[in-house]
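My structure is below; once you've seen it, I'll send some questions.
Chain naming follows the written order as A, B, C and D, and within any one chain the residues start at number 1.
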Amino acid sequence: MSKIDPMILRVRDVVKNYGGLCAVAGASLDIPRRTTIALVGPNGCGKTSLLKTIFGLQRADEGSIYFEGESIDELQPNEVFDRGIVHAFQFPRLFNQMSVLDNMLIAARGNRGDRFAGSLFSRKKWREQEETMLQKATDTLKLMDLTRLTNEPAGSLSGGQKKLLEISRAIMAEPKLLLLDEPAAGVNPVLAKKIFEKIEMFRHGGMSLLIIEHRMELVMEFANWVYVMDRGKIVLEGRPAEVAASPLFYEIYIGGEPGGTDICVS
Amino acid sequence: MTYGLLMNLLDMVVMIGIYSIAAISLNLEYGFTGLSNFGKVAFFMVGAYTYAILAQAGVNFGVCMVASAVSAAAFGFLVSLPALRLREDYLAIVTLTSGEILRTIIQNQGIGGGYNGISITQIFHFQTLMAIRLANIGLAFAFLGICFIFSQLVANSPYGRIMRAIREDQTAAQSYGKNIQRYKSQVFIMGSAIAGIGGALFAQYSAHIEPGSFLPFLTFTIWMMVMLGGPGNNLGVILGAAVVQIFQKSAAILKDYVHLPVDPINVQYILFGILIILVLFYRPSGLLKESPVKPPKLKEPVNV
Amino acid sequence: MAPIFASVDVRAGYSDIVIVDGVSLEVEAGEIVAIVGPNGSGKSTLLKSFFGFAQFLSGKMFYKGEDITGRPADKMISSGIGYIPQTNNVFANLTITENLQMGAYTRSDRSQIATEIEGIFEIFHELKHRAKSFAGTLSGGERQMLAIARAMMGKPSVLMLDEPLASLSPKSVEGILDKLTLVRQSGTALVMIEQNVKRALSFANRAYILVEGKCIMQGPAGELLNDEQAKKRYLGLGT
Amino acid sequence: MANTPWAQILLFSIQTGSVYLLSAVALTLTYGLSKFPNFAHAEFMTLGAYTGFFIANLLHLPLPLTVLVCILCAFLVSGSLGLMSYKIIFGPLLRRGSSLIHLMIGSMALGFIIRYVIIEIWPGGTQSFTLPWPEASNIGPFRIYIPWILPIAAALVAGVSMQLLLTRTNIGRAIRATASNPQLAMASGINTGRVLLTTWFLSAGLAGMAGLFIGMKASFSPTMGWNILLSVFAVTVLGGIGSFYGAIAAAFIIGLAENVGVVILAQFGLASDYRTAISFVILIVVLLIKPEGLTRLFKGN
């Protein structure tokens, strides 16, 4: 594909099984550039599994994934990261014994000192680079109100702060596409709203987002498009208001028996 | 007797220098990167035998040292190929086994004299034992200094930050673009090279080495130095090496000079075991805590 | 009548993340209580914290009038409170019969067990012909069935189930609900977590609605079912 | 060894396999439940040999009785030590959430403590039993000597008893249940703490028995357990950690590989010291190609 793909990410018929149980049963979705896409659905419907598959943390059993028109199915997470996708975990996976700042600097791209030879022989160069990175890290931390914790070990943060740091760290990596797994879970509603406002700011800066989120008021306010997942399949998509008004959506969340088979056994 | 004691003391200082080098090498692997190398003695042994064989062939000291580091690094690379893909418990078993197999090979294939070992002419030929020991102290600490500075430079750079990140959470490190396989392999090679230098100095100083000098207990001793001194802190592991060495030498001296109902060497091993378990329980971070990587200061102060 | 099981002002979570923030719950003997709420509302954490599988931060628990706060999981089970986790709720490497035997682990009347397993197979006849297969070979619906059968072997007075109907096909859902009705008829009270409000409320006697770790509504299931306000707040659409 | 007839090599393989079976089934039990390789397992074996040695010198009973008492004592002494080591060291460390590496280091430390206590009590290196075994005799193509046959018989008895224990008794099923799903085991009212204590007792006890048989076969020293530990690890990994049947199959595979391998190596003029190298190669290959070992072949354990 020579022309620029209008979709930054295309997911086609992805299937992922765990042992005999099927987590993702042929899901497809598209993410246009500079949009916030919400992925919603009941517990255990395969959302987190889909996100992990996109990021290369696990291999899809079937289907394909294209990022900016190129297949990324076979890539390791670090290679997916290099392409420009960043994944923030649902339960923060911080480097607990390292300072908040170190956690941020790890995410920075293109540091000369990341390489062995560079760390020893280009000391001056990476020190200069780190000054710029430091500026960016402190700015981001400030935005997330973590400034006063800059030098604390990440492990000593409270639950909500860890969540904020997980997201800050992802932003530090300047993703083209950011995958967020429940950014608002476990944080109070005021903070959750704040997180989303900041995310919105980054979208205006050119980032695309795929967010798993349960709080419909946040989805309504911030998402441009919603995919609803149920039992491993995308069953509904549309604008937030359309989805929220759809009877099927109510069926899935609140009641009724949407069609479908038992957990597929392979 | 006082002369004897003094010589023992000097001997101890030399050994502190040599073991500190080994401890620094394990600290790179375990302390900073979280790799469970339970076969440290193998890399130490490769360095020692390379040095011994080359020195016997009349090769110049500097070349011997470089060759020891390189051959240990090569062996490290070889072991790292299969081993670093594995879980940490498997890595421990495989590295441990490599050391044992290597020792078997050296014994049975008659490498460096097989079971009987190999003698090495020392590089210092002074009149008195005291002068020789002092010179060895200088030599060991010079190399310790080099290894220490190297290790500090690596550990306190963005590279070192990644090493720590791999230790804390491999998946998260990989999710932030780090090719963890490559980093682990590089660290393993670095650690092996430094262990090789330690081994070479050990061979040079001991004047005679044999397979029996490289038992798994040596690995355990080095681990003890790191655990006790403080994983992730290079000064800490040197302190650990000193404490363990003082302990070990005291037991040996005690055995020579005092008659006890129990063998102090045995008691020392037993106490080592107990000490390590106590450290695991009450001071898992060791005597000295890890220091964070220092980024350059911002030119303008941050307004909090 | 005094409740058979009660929790008072429970706060629970993981390490320092508070997920359940002050939930009080009462269960009468023989009734079906549903705990409903959207994803991440803390339903599952609440149940887990009762057994110490999530951190029980503060609050009290009572069983048959006795304070059981802080009792270890195995003691909770042996005193008559059964628990079925949402996932991994069978011993995959044990046969179905062995799974049932593990369910009766805490009982002292061992001689009865063999005959009771026969009895259980009468109710859960779907499992009978596979008695000797490993539980790991069962499908999702069958696993859930076995999990319930296993828990019933312990003769609990209260059985707590974490989303027993999640990701099941409509047919399996019906099958499970049938069995749960039988369980209830045997006198065991049920505490059931369910995301699907309509399904839960039409099955339960009473219900608690959890949103963001707090109980926002409670009452007889029938009343909640027709409450528009409840529906809105449940989805986070109302105020 | 090069001229040993193949029938005899087969017998030796079965005998080696039997010893590995005892030791590896034991190791896999704690490895599967506590999730770390216990390096002190080596010393549990050594202790079994020395306990038997001590008892045999103490007693003046008919040979069969002596052997029986030795086995019992080796089992009980090593077993009790295993139980205590879990209660005092590993249990508390696991509850504190110690890392895998810390647990391994802790088990190595414990191993050194036991080893040097043994050296302190029985100084002087190699020891051997002075039991009045009947002379070796030829039966068919085999040359039979009681100390060679003993481990085979013991492995058979222990294997069958373990099988019965694990499938027919409540505690045995609880052990398997805890290995399969610890949280659900707790949610079934199983006191998992007690289950773990039991497995550590059983595991160390069996290791003690294995050590005793190695000791009876020839001479033994304080490093005896350590010397075969690597083979035992190879068996455990090949069998698939925590798999009972896998460990049994793997024990005989490694036993055969080592005995046949040594003969083949001898033809190339290589020493029999390389037998550990054979299991090492198998270990590496298994870890790289099939890290789950033989478990898939034996589903359900």
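Observations on the model:
Simple rule for what comes next: contacts are C-beta pairs under 8 Å (C-beta built on N, C-alpha and C of every residue); 3 or more make two chains touch, one makes a residue touch a chain.
This structure is a prediction, so every number in the text was calculated from the model and none was measured.
The minimal number of chain-to-chain contact steps leading from chain B to chain C is 2. If you average the CA atoms of chain A and of chain C, the two centres end up 32 Å from each other.
Averaged C-alpha coordinates put the centre of chain C at 43 Å from the centre of chain D. Across the assembly, chain B contributes no residue in contact with two or more other chains.
Counting partner chains per residue, chain C shows two or more touched chains at residues 136.
Not a single residue in chain D touches at least two other chains. The list of touching chain pairs reads A-B, A-C, B-D, C-D. On chain D, the positions that touch chain B within their shared complex are 36-37, 89, 92-93, 96, 98, 100-102, 104-106, 108-113, 115-117, 119-120, 123, 226, 230, 233, 237, 270-271, 273-274, 276-277, 280, 283-284, 287-288, 291. The touching residues of chain A, counted against chain B in their complex, run 55, 57, 76-78, 81-82, 86-87, 89, 93-99, 101-102, 105-107, 109, 111-116, 118-120, 123, 126-127, 130-131, 134-135, 138, 147-148, 150-151, 169, 173. Listed in rising order, the residues of chain D touching chain C in the complex are 167, 170, 173-174, 176-177, 179-181, 183-192, 299-301. Per the touch definition, chain C reaches chain A in the complex via residues 13-19, 38-40, 86-87, 136-137, 139-141, 163, 166-173, 195-199, 201-202, 212, 231, 234-237. On the side of chain B, the complex with chain D involves touching residues 30, 34, 36, 38, 82, 85-90, 92-94, 96-98, 100-101, 104-105, 107-108, 216-217, 220, 223, 227, 262-263, 266-267, 269-270, 272-274, 276-277, 280-281, 284.
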